[in-house]
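Okay, so chain A shows up in both of these, paired with chain B first and chain C after.
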Partner chain A sequence: MEPLFLIHLCLLGAMLAAFLMASRMRLASLASLYAIQALLLSAAAALFAIAYGDAAAYVVAGLTFVLKVLLIPYWFVRIVRAHGSSERLMAFVRPTLLSFAAFTAILFSSFVAQSLALASGASYVGLTASIALILTGFLMLMTRRDMIGLGFGFLVVENGVFTLGLALTGGLPLFIELGVLFDLSIFFVLLVAFALRAQREHASLATDYLHELIG
Partner chain B sequence: MIPTLLVCVSLLSAFVPFLTRSARGAALSSAAGSTAVFGLSIAVAIQAFAASGTAGAVWYLSPLAGLMVVLISFVGWTAAIASISYLSTEAHEGVITARQARHYGALAALFVSSMLLVVLSNNLGLMWVALEATTLTTALLVAFYARRGSLEAAWKYLILCSMGIALGFMGVMLVYAAAASVGMSGFAALDFSALLHGASTLPPALMRLAFAFVLVGFGTKVGLVPMHAWLPDAHSSAPSPISGMLSGILLTTALFAILRYRVLVDAALGSTQYTETLFLAFGALTTVVSALFILVQLDYKRLLAYSSIEHMGLTVFALGLGVPGAIIAIIHLVGHALAKPLLFFGAGNVLLRFQSTKFERVWGVVRALPYTGGFFLFGLLALLAVPPSPLFMSEYLLMATAVMQHAYLFVAIAVALVLVFTGFARAFFPFIFSRAELPSQVVSPEGERWNSAHTAMALHAGLILLFGIALFAGYAFPIISRIASSLS
Partner chain C sequence: MTAMLFILQGSTTLALAPLMVGFVRFFKARFQNRRGAPPWLPYVSLWSLFAKEMTITRYSSWVFRSVPFVVAGVAVLLAFSVPTFAYGVIPEPLSNLFFIGGLFALGSVWLVLGGMDAASTFGNMGSSREMTLAAFVEPALYLGLSTIASAAGVWSLDGMLAHSASTPWEAGVLPLAFTFGALLLVVLAENARYPVDNPATHLELTMVHEAMVLEYSGPYLAFLEYASAVKLLVTTLFLFALVLPFGLVHAGASPLWAVVWYAVRFLLAAFTVASIESMIVKMRFYRMQEYFSLAFFVALAGLALVLLQRGIF
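What follows is the complex of A and B.
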């Protein structure tokens, strides 16, 4: 099979994972889907490296695999369980409505990607997948009521931005990609640190307790 | 060579507090480190002024970058000085431990290093990494205290700013794609000097889209409405010297990043109309909305934070007014970067004595804390553009230019400025001058002793006065014009 076809397959798989993540209400399920999405994206980066002989893309694919497939989901689940936080996640709306909204976001992405593909000359499938991931991530950020859901929402947006990089440019220079992954690691550490503090202070990761500062 | 040394020294100074044992030792060592950084920054600024637009593989030195380097390291230095008394008092009262003070010193130094990287970097990708690093280094400082609201402020700050920066990154990638479409590749495709050289050939449609993402994304860090929700919480929850840095220079640093892209987009489009329209719209909206919030504030640190949003709005509005607007924006940025940290350092002293940030619990500051009250009053007058404040000059020129170009927006800004003045007068008049009896725990038999925060405030007050006089006498305008030329 052509590498480009396989890359597109991976990106569409990542989009499907984002669609499923939008309505998942259990930590283990959300973490597994995130790991699958990241695995597909690192596979896409690796296929890109093979297709274009880009050595830097191998490094990015490898580091993405280690950080996003192995470390982040594993540590997220492990730390939450170790501190006795609830694995049942919360949202402002029902999962069915979330699924419908995520589907609408994907449909909308396919339209937006058309004009962007014309302007930039980038792959239509890649652009659709990246915009869908970003919008689904935003959807999670708007509808989730706990720090875990919000954290994963941001991580999905970040995956969308990574996909956009692949679609538009075939990835940024290695030095910049390393910087982005470094920033992502620090972000994850802070996310976990704040979640643990919330668990200590309120015995919950719900953001309902974080509504004092208004006006 | 000197910029590399500056960034390295700044990074190394983050480790110095760990060599000390006490909170005061950590604060003193941080101050020593930031003194070295400030000294080196002057050398970098001189180099930047001498050779406009010098580009190396890593650094890009322009007069504007030189100004930013000096502002960042100066405010970093005075914040470190103010932190000596602030941290010592908090440690003495058992609010923080020596370990926390060491972390504070290290994070503050990393914060300054990341801002220096933003303004000096020649690579737009590296600039993005550094801008995100400013969020990550300061998020823990916003969550520094175990107080109610600290976690919420830090959480909002982390999520909203990271989201904004992620959107900004899409702008970076669109610029990269635009550069790739005209044959640039690899590291050079994000190299600012190379992009500037070939800016007129970049595809306008992609550059227009890229700027929209950059403005909304990095604009979140500038505090532009409606992406400002994190700012009042973060700036009021952080320790006061850090609030001074956040308000005084972080917002300006994020705006600097937007201005880098603005130069490229204007050149690609062959016109400044697109960016100026966006600046006018966001600037006017930000100024008006923040003025309304200033009217109803009950907390003096939050009010100062909203005032920062207002001043960023005015600056962005000025940037939409063509060539004179660039000069006005530079004056305004410098004036604000000098006045706002002074007020936050003063707010730190007030908080330590009154143990509250609520207006209802703080009054008669000038009697309880004569030095702090005096400097605070000076800072307020400077911020409210009372002559010879530099902000008087910038706001006067702003209004004079706006009335000629955009009469409706002029009216909106004028109304907003009146609201801001009213809000400040209503809130701060009793705060400073009230004759009511002071709470017993506030009255100290020995009055107020001169401390390091006063030294920091005096440095800011002196510079505000000098800069204001230089503007009124006309000496500063040739230098400001040269700096403003970096924006076109």
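What follows is the complex of A and C.
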């Protein structure tokens, strides 16, 4: 079995997870889909490390696994439950429209990736998956109305950038990856602090209450 | 030889259909920490239904009486025309995917007519819901099957199994994964299972399939229950034969492996349905369009992948 084929399989699986995430409206299913996506991405990084004997990629795969598969989904669900926020998420449009938009984004990214792959010589599948992840993440950022959905949108965009690094250069340098993971954990802490504050003030995580200036 | 296999496949399906329902209920009971009835209980209950007398309202017409025969006839035809463990045995027109889709539609339309004929409110409610669902099911069903059809280059379910058995897994895994996801959602809906319908209750808010057969009793009810058992068996076993095409019977295959793999797929199918039913709750009826549009788009993504692999884009 070619390792490249398995890597592509993992990346396309992550793309499918992003497609499903775009229309999920429950916290638990969003968190578990995110964990699956991160698991597939860290598997792709680990396969890359095995195939090309890259020691740094092992570290990246392991850290990705710990942070994105275990910690972030677990803490997200736990914090929301502990503070009694609603687990039913909100969006500006209906889930059916979100499925359609995510599908269109994936199709669009497959077209874009075709010409990019010709121009850069990078892998077509990797480019498709990464552009699709970034676009789907942006779609979630545009359409979600609560901080949980927006937070997961950011996380999907970040996964897309990770995939892009993997597809273009075979993984970004170790220090950059470490920095990104560190940023990610800071982002998560800030999001939680902000969300808890909003929950205390408005008894909801919806961003609708944040339009007016107080004071 | 081919004719014998054809008859063997159909009659195995007809003989084992109640066992599949029994195993689904058995696994479900185990999930709920109950001991559960033995898996062969549906045979006994079908037998006792045949021994009971029927009560039919005098305000019903011939439609009401013809429904069990049409639905059971459709089920027998399905048993012979959907491949479950062999390929290369069913004549192409008989297992054409549009013919199969038409058979499903025929069965559900007659069931709807039977539900409406007795003019009870329950029957009409269930019929209305069933028709709504039937309209949602079809796009995802046809698109999912067409994905495999365009990968295999044939329109028959039999040819799709042959294609799935002969291609190396890395060539087929991607479109098949999408199609499996979409068709699993369709199969759950088609067989009146969670999250579309609740097969265990008689509560008016949840019923779809049960509401339509509520007026039937005795042997007619046995016909209808048997027909839905056959439908469950052929749809799930075809789906699992597609993704686990091992030990499928064709010319020159070992019969021992065929039996072992048939049993594995049978139990796996029952277990999958039971575990899905135990893990998720029923969806609100007005959210059904989300469920089916998801199935549709997943199937569409599979079709796009097949076309991409063939370089049409």
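Heads up, the rule we're going with is that the second predicted complex is superposed on the first by the 212 of 215 C-alpha atoms of A that agree within 3 Å, B and C clash if a C-alpha of one lies under 4 Å from a C-alpha of the other, contacts with A are read in each partner's own complex, and residues count from 1 in each chain.
We adopt the following convention: a residue touches a chain if its C-beta (ideal position, glycine included) is under 8 Å from a C-beta of that chain, and two chains touch if they have at least 3 such contacts.
Bear in mind that the values here come from a model prediction, so they are computed numbers and not experimental data.
Asks: Looking at A:L172 after the superposition, I want to know if it touches chain B, chain C, both of them or none. Which is it: first, second, both, neither?
Replies: first
Asks: In the overlay, work out which of chain B or chain C sits against more residues of chain A.
Replies: Of chain B and chain C, the partner in contact with more residues of chain A is B.
Asks: For A:G53, is the partner it touches chain B (first), chain C (second), both, or none of the two (neither)?
Replies: neither
Asks: For A:L107, using the defined touch cut-off, is the partner it touches chain B, chain C, both, or neither? Pick first, second, both or neither.
Replies: In the superposition, A:L107 touches chain C alone.
Asks: Check whether A:G84 is in contact with chain B, with chain C, with both or with neither, and answer first, second, both or neither.
Replies: neither
Asks: Would you pull the chain B residues touching chain A in the complex into a rising list?
Replies: Chain B reaches chain A through residues 123, 125-126, 128-129, 132-133, 136, 139-140, 143, 148-149, 151-156, 158-159, 162-163, 166, 169-170, 172-174, 176-177, 180-181, 186-187, 189-190, 203, 205-206, 209, 232-233, 236-237, 293, 296-297.
Asks: Looking at the complex, which residues from chain A come into contact with chain B?
Replies: Against chain B, chain A makes touches at 116, 119-122, 134, 141, 147, 150, 154, 157-158, 161, 164-165, 168-169, 172-173, 175-176, 179-180, 182-183, 186-187, 190-191, 193-194, 197-198, 201, 207, 210-213, 215.
Asks: Contact residues on chain A for chain C in the complex?
Replies: 1, 5, 9, 12, 16, 19-20, 23, 94-96, 99-100, 102-103, 106-107, 110-111, 114
Asks: For the complex, give me every residue of chain C touching chain A.
Replies: My answer: residues 170, 173-174, 177-178, 289-290, 293-294, 297-298, 300-301, 304, 308, 313.
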